[in-house]
Amino acid sequence: MLGSGFIGRFYADSIQGYRSQDKVVSIYSRREESARKFAEDYAVPFWTTTMEEAIARPEVDIVCISLPNNLHEEAVMLCCKHKKAVMTTKPLGRNAAEAKRMLEAVEAAGIFNGYLEDLVYTPKFIKAEQSVRNGALGRILWAKSRETHPGPHSDWFWDLEQAGGGCILDLGCHCVEITRSYIGKDIKPVEVMCWADTQVKPIEAEDHAIGLVKYENGAIGQFEVSWTFRGGLDLRDEVMGSEGTIWINSFLRTGFDMFTTGKGGDYVAEKAESNTGWLFPVGDELNELGYNHMFMDMFNALEKGEAPKETFYDGYVVNAVLDAAYRSAKSKLWEPVNLEVWRGREGVGKDSHLIEWDADHYLVKEEMTHYGAKKLILKHKVSGAFIQKVLE
Amino acid sequence: MLGSGFIGRFYADSIQGYRSQDKVVSIYSRREESARKFAEDYAVPFWTTTMEEAIARPEVDIVCISLPNNLHEEAVMLCCKHKKAVMTTKPLGRNAAEAKRMLEAVEAAGIFNGYLEDLVYTPKFIKAEQSVRNGALGRILWAKSRETHPGPHSDWFWDLEQAGGGCILDLGCHCVEITRSYIGKDIKPVEVMCWADTQVKPIEAEDHAIGLVKYENGAIGQFEVSWTFRGGLDLRDEVMGSEGTIWINSFLRTGFDMFTTGKGGDYVAEKAESNTGWLFPVGDELNELGYNHMFMDMFNALEKGEAPKETFYDGYVVNAVLDAAYRSAKSKLWEPVNLEVWRGREGVGKDSHLIEWDADHYLVKEEMTHYGAKKLILKHKVSGAFIQKVLE
Amino acid sequence: MLGSGFIGRFYADSIQGYRSQDKVVSIYSRREESARKFAEDYAVPFWTTTMEEAIARPEVDIVCISLPNNLHEEAVMLCCKHKKAVMTTKPLGRNAAEAKRMLEAVEAAGIFNGYLEDLVYTPKFIKAEQSVRNGALGRILWAKSRETHPGPHSDWFWDLEQAGGGCILDLGCHCVEITRSYIGKDIKPVEVMCWADTQVKPIEAEDHAIGLVKYENGAIGQFEVSWTFRGGLDLRDEVMGSEGTIWINSFLRTGFDMFTTGKGGDYVAEKAESNTGWLFPVGDELNELGYNHMFMDMFNALEKGEAPKETFYDGYVVNAVLDAAYRSAKSKLWEPVNLEVWRGREGVGKDSHLIEWDADHYLVKEEMTHYGAKKLILKHKVSGAFIQKVLE
Amino acid sequence: MLGSGFIGRFYADSIQGYRSQDKVVSIYSRREESARKFAEDYAVPFWTTTMEEAIARPEVDIVCISLPNNLHEEAVMLCCKHKKAVMTTKPLGRNAAEAKRMLEAVEAAGIFNGYLEDLVYTPKFIKAEQSVRNGALGRILWAKSRETHPGPHSDWFWDLEQAGGGCILDLGCHCVEITRSYIGKDIKPVEVMCWADTQVKPIEAEDHAIGLVKYENGAIGQFEVSWTFRGGLDLRDEVMGSEGTIWINSFLRTGFDMFTTGKGGDYVAEKAESNTGWLFPVGDELNELGYNHMFMDMFNALEKGEAPKETFYDGYVVNAVLDAAYRSAKSKLWEPVNLEVWRGREGVGKDSHLIEWDADHYLVKEEMTHYGAKKLILKHKVSGAFIQKVLE
């Protein structure tokens, strides 16, 4: 490297941060055809349709579980048996009981365990979370995450037995961990209210749901999930704090707009539901959706013998929140979050935020009106009466 | 007019649609100073601090009530007494009981009554509602409206007795009528779940709330309201239908971005919480917020002897929904909407929307994958099993 | 009006600002069928295919010329003859010679003359211009206006003889007046460089052009115009000042996004080139494109006996700039703007903007780097050497 | 890897695509302090203030030049001497003569040479270019690239001798290569018109410039560059084709909006000119600005013994275009691009794009009017007359 200035540093950051030294060495699939094709496409030296065989091989350092939800537990138990580090796609279990068994098993076996919640590893989320932790938004009051699209890719998602649930489990697991991370992973989620319905799809599970998660410190989490959304993938977070706001859009309208009549060629845009008219492509999906930063964290943690940012414990907490959401959707009540394992803080109350204006008054609000004056709303400390005061 | 082509028509539409023939002829205010100043600023020939005097004057064709919520009923009753047409700012009453008394009084008196819900008259809403009515979105599944800002302008809003409520009543009345209009004003709202809290402000009323309103046909309405939002006025609607989506932003980020260091002059942007950095001014607030189209509808309806789009009946329905929201925020239950007066349809069920793929299967979903193939998810009509099929 | 507070003022502003008292009383069209239809649609009592007849009628207070460009001069001369106030659609003439004859004629006749340049009357422009005049952007360095779409509506636009030019004349007239207004209408445009080509359409005139307009004070105006743009109407302005930036989008992406599969109904969106997929409707075109505020200014000025914001003089200056653009497109040289009539300032030079840092240095720049330090770039006053200084 | 489905593939793509195997092994800086700090921060085993020493070390596979412009040639010549593969930051030379000497030297030495033009490697650009190559936009008519910000980071940029130019050379080199890539790197740039001025900064070089680059096939490139922009980094491309449009925003407003009062903490946003109010952070700058994909291409090409996407030849073409821009800014004429070395196509003319409507007419345009009719503009093949036809 010649030059150590601004651009030299940019270059070095990038050179030393890319081009993988990590390789897939063994692939298992339930169907031979699928295993064989994957092995071919990704130059994987070994393939099999026997799960244990894939796991047990000596060259395997860490097992990555990207199977349907109903197979997670079996795969995790095999990793425990063979003492292999393991990372599992989201959600961890189909419910908190499954998740708890997996959590206890990996901890008993003493193996590395990572929970592949990619959406708390997106570049935007990482930067936003830093700002929140640094206090840029003050006290967090509300965090909402929305993930909606026209439905999942594979058949098993639609089957209640294999999937364990509908869009709440499939998409809500992202939203719960995102909002929990903004509010603080050490703050306890206490109860959940959820509406869910099957509005459009010919399935038993829910295809649309909205939920509220109350935290011990008075903050509120919200998820909006659906498999009935039309127009592509909608992936947005909003956070309100006493001193600021964050809006994140992770997919549509992120700086790339394209119009095409479709006459010019055979172009097809991904997930866009159409290939003519105005389209909103995403440049580098893997990076925007957090995969790169997620695996970097997992592998770095594994090498250092540390826990990654997201572990099976986090997966378990998410499952416990979603269980409460499912119960609430049926009972129509606020349902408590049952957390038999809880490692965060307890008894965190609401902060007081009275702002003193003068000896007699608290400040309620100050504002510029549309006719140009500065207006104060004050509350008398003793009488509680509200007055307004216009300053020129 | 010379020329009757494209531009001639544009010009004529505008020429015949603007520059008011309507004048304020009488102004009442509780404070003399305020009445006098208003009369001066708007060239109003008569001012008074006696409400009945303002109403009774013969040159008054219609009375416009823009008073604190606790004075609406008194003012309406005086209009009934003097048989004056009346239009009232939102919300109609502090609760459904007040609203119902006003509704019954104006109907008994046989006078014109208009409900000044400006946000269903914004140019964007009007066009969006048309699209929805024309079927562009298919069956409406969900409609959300969000209005949040750093708190209202005048002292009385903050006083629970005068206002009758906090941000649910102040902002939720907009959101309920907006979402109800998307879903269909003839569809009955049946129950409400609401979370509310006082998170930041030193007041008794709620400063933040989220509510769900279930409609008889299975559609779901949602409101998000707050007086604690930082960053200006956030006014957005979202609608999901089985065939489409609408997103409306009525304030921030609507095509006008400005950065200023603040060194250049004394510029102050309204409601923006700051006058330096990136600001998002709105060109013509009156028009963007629906006032122009609202009064045009009111006056045109009055002249034709017809009801306007929004009447006291609508104000009453909104109050009934909000009453249920307040009850729910306390009881933590889904609370029924008590509508003693209901003039819409009854017993509207959910539509079935099974799409037949072939003799044996329903279509669940079709999609383009990120590796370029077209994939179908199908459900077997008899067995209920899900299969996927890849078409090249 | 009951109540004189915040909302009462909003209501009054709107009530007294809308619902027209102005009516079209006489309509002329070259084709009888067209005149008759217009009269019917807009309830116009008199129609004719004889231009002078339409103008001469005693009930006509002001004549609005919305004819093809080649008929403007004839119509203006008839207005002069009958001493009728006149307002003319843009561009004023097909060239500066025509425009100058019209300007001199209306001034000799002493009649009111308005130039219907609607895009300097859009709500966004009006507010932006105010900010610029108040100094929010400091000294204006550059102002660009872009108007592109897939081509005009009527046959005569495409005919060089009737139109007098292609997209430079049709769209550039807007852009020149917009940028000139940002830079200052009293600052003299001195020379123009323009590229123009006929890239797509089977016509003699240009269908795409880019031009630069140099002003006496060193500011630069820019226009980008095209009839070949795909994706609807693109209407954007950008302004750079020494202390700030303005970006205005007047059409696409202004807070209204709609996705529709098109299965739901027969909805058609205007100017959108498609009626399925993602569409970007505009709520109230008349208002967003400036027509309402333009005619309000015209009629108010007429009643007060004053000149409107835009007169034939402005139309003439625009034509002179566009003439230089056409000459430049052919000569490939910077062409001088020939302004035989100029009523603004003369000899305005460039301001100096040296910022002193300390006794020995000027400040070139201060900045926060991506690794968190504050960095200054300074220039030595005598030696001219540049140094950087990092402040922790 | 367990599971080879949709998510398994996503994971594998990411796992095998990240976490670098590439390391900086030797660092040279002109200042010892700076070299030492870099070595420490990036764990570089060897540092020196002697350029040749850094290059000559046996463990160096490729030399990365990130030095001020005036030192590029010297560094390149040393790489030739030691037969080391080399990649150089942009611009390649201070002018085409320097660039040509470097190009000829590396080719004579037979060494790998890469031109570090990161902005044609951004994820958005890569995807957009693919769409363009696949025909989604039809024939490319115009490509514009804009890069403006409040000025560069280091002192040497501001010094004309070291930098070789102002914002044209610093930023225009990006814009020229971006637009050239959209139009087609095998299409010859033929002439350039450029306006440049020093409007704000106390420097000899230009701080603001706008240029047009004409290509042999009639397409037009445009660059807008400035060191006087206020509001952060503005990095946008626009492309118009006969069948579509692309708009790319690479920095501001890409899906991450944050408002902060600044009271909550010490947060500082990069390049944002302020740390309160509305800010627009970018999640992962290195990726968004193209560095990751650029080095991946460079190293992969080096390993395979192929040329990377961007070589010294491209750097030379860019310098030749910029030389013409500088000449034009002085001469005020369209200046020819002098390309003594040209390896693309020659004599590419403009395509004809007449669309036949019927035996007698060409189609000029079809459109939906705002009053709901479908209108055609046709041109008679023989007479050239334009007619319009309304289809119901």
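In order of appearance the chains are A, B, C and D, and numbering begins at 1 in each one.
We take it that contacts are C-beta pairs under 8 Å (C-beta built on N, C-alpha and C of every residue); 3 or more make two chains touch, one makes a residue touch a chain.
Which protein is which chain? UniProt says A, B, C, D = Predicted dehydrogenase.
Because the structure is a prediction, the values reported are computed rather than measured.
K.L.:
By mean C-alpha position, what chain is farthest away from subunit A (Predicted dehydrogenase)?
P.N.:
C
K.L.:
When contacts are scored as defined above, which chain pair ends up with more C-beta pairs, A-B or B-C?
P.N.:
Per the contact counts, B-C leads.
K.L.:
Round to the nearest whole Å and give the separation of the Cα centres of subunit A (Predicted dehydrogenase) and subunit C (Predicted dehydrogenase).
P.N.:
47
K.L.:
Can you compute the centre-to-centre distance for subunit B (Predicted dehydrogenase) and subunit C (Predicted dehydrogenase), using the mean CA position of each chain? Integer Å is fine.
P.N.:
Subunit B (Predicted dehydrogenase) and subunit C (Predicted dehydrogenase) have C-alpha centres separated by 34 Å.
K.L.:
Among the residues of subunit D (Predicted dehydrogenase), which are close enough to touch at least two other chains?
P.N.:
If we look for residues of subunit D (Predicted dehydrogenase) contacting two or more partner chains, we find 6, 9, 137, 153-154, 230-231, 241-245, 253, 257, 259-261, 369.
K.L.:
Which bits of subunit B (Predicted dehydrogenase) are touching subunit D (Predicted dehydrogenase) when the two form their complex?
P.N.:
6, 9, 230-232, 253, 257, 259-261, 273-274, 276-280, 369, 371
K.L.:
Considering only the defined contacts, which subunit C (Predicted dehydrogenase) positions touch subunit D (Predicted dehydrogenase) in the complex?
P.N.:
Interface residues on subunit C (Predicted dehydrogenase), with respect to subunit D (Predicted dehydrogenase): 137, 141-142, 148, 150-151, 153-156, 158-159, 193, 195, 197, 199-203, 208, 210, 212, 214, 218, 220, 222, 226, 228-231, 240-245, 268-272, 275, 285, 332-334, 350, 353-354, 362, 364-365, 367-370, 372, 375, 377, 379, 385-388.
K.L.:
Which residues of subunit B (Predicted dehydrogenase) touch subunit C (Predicted dehydrogenase) in their complex?
P.N.:
1-24, 26-29, 34-35, 37-38, 41-42, 44, 51, 54-55, 63-68, 75, 89, 116, 122-128, 131, 134-138, 153-154, 241-251, 253-267, 281-284, 286-289, 291-296, 299
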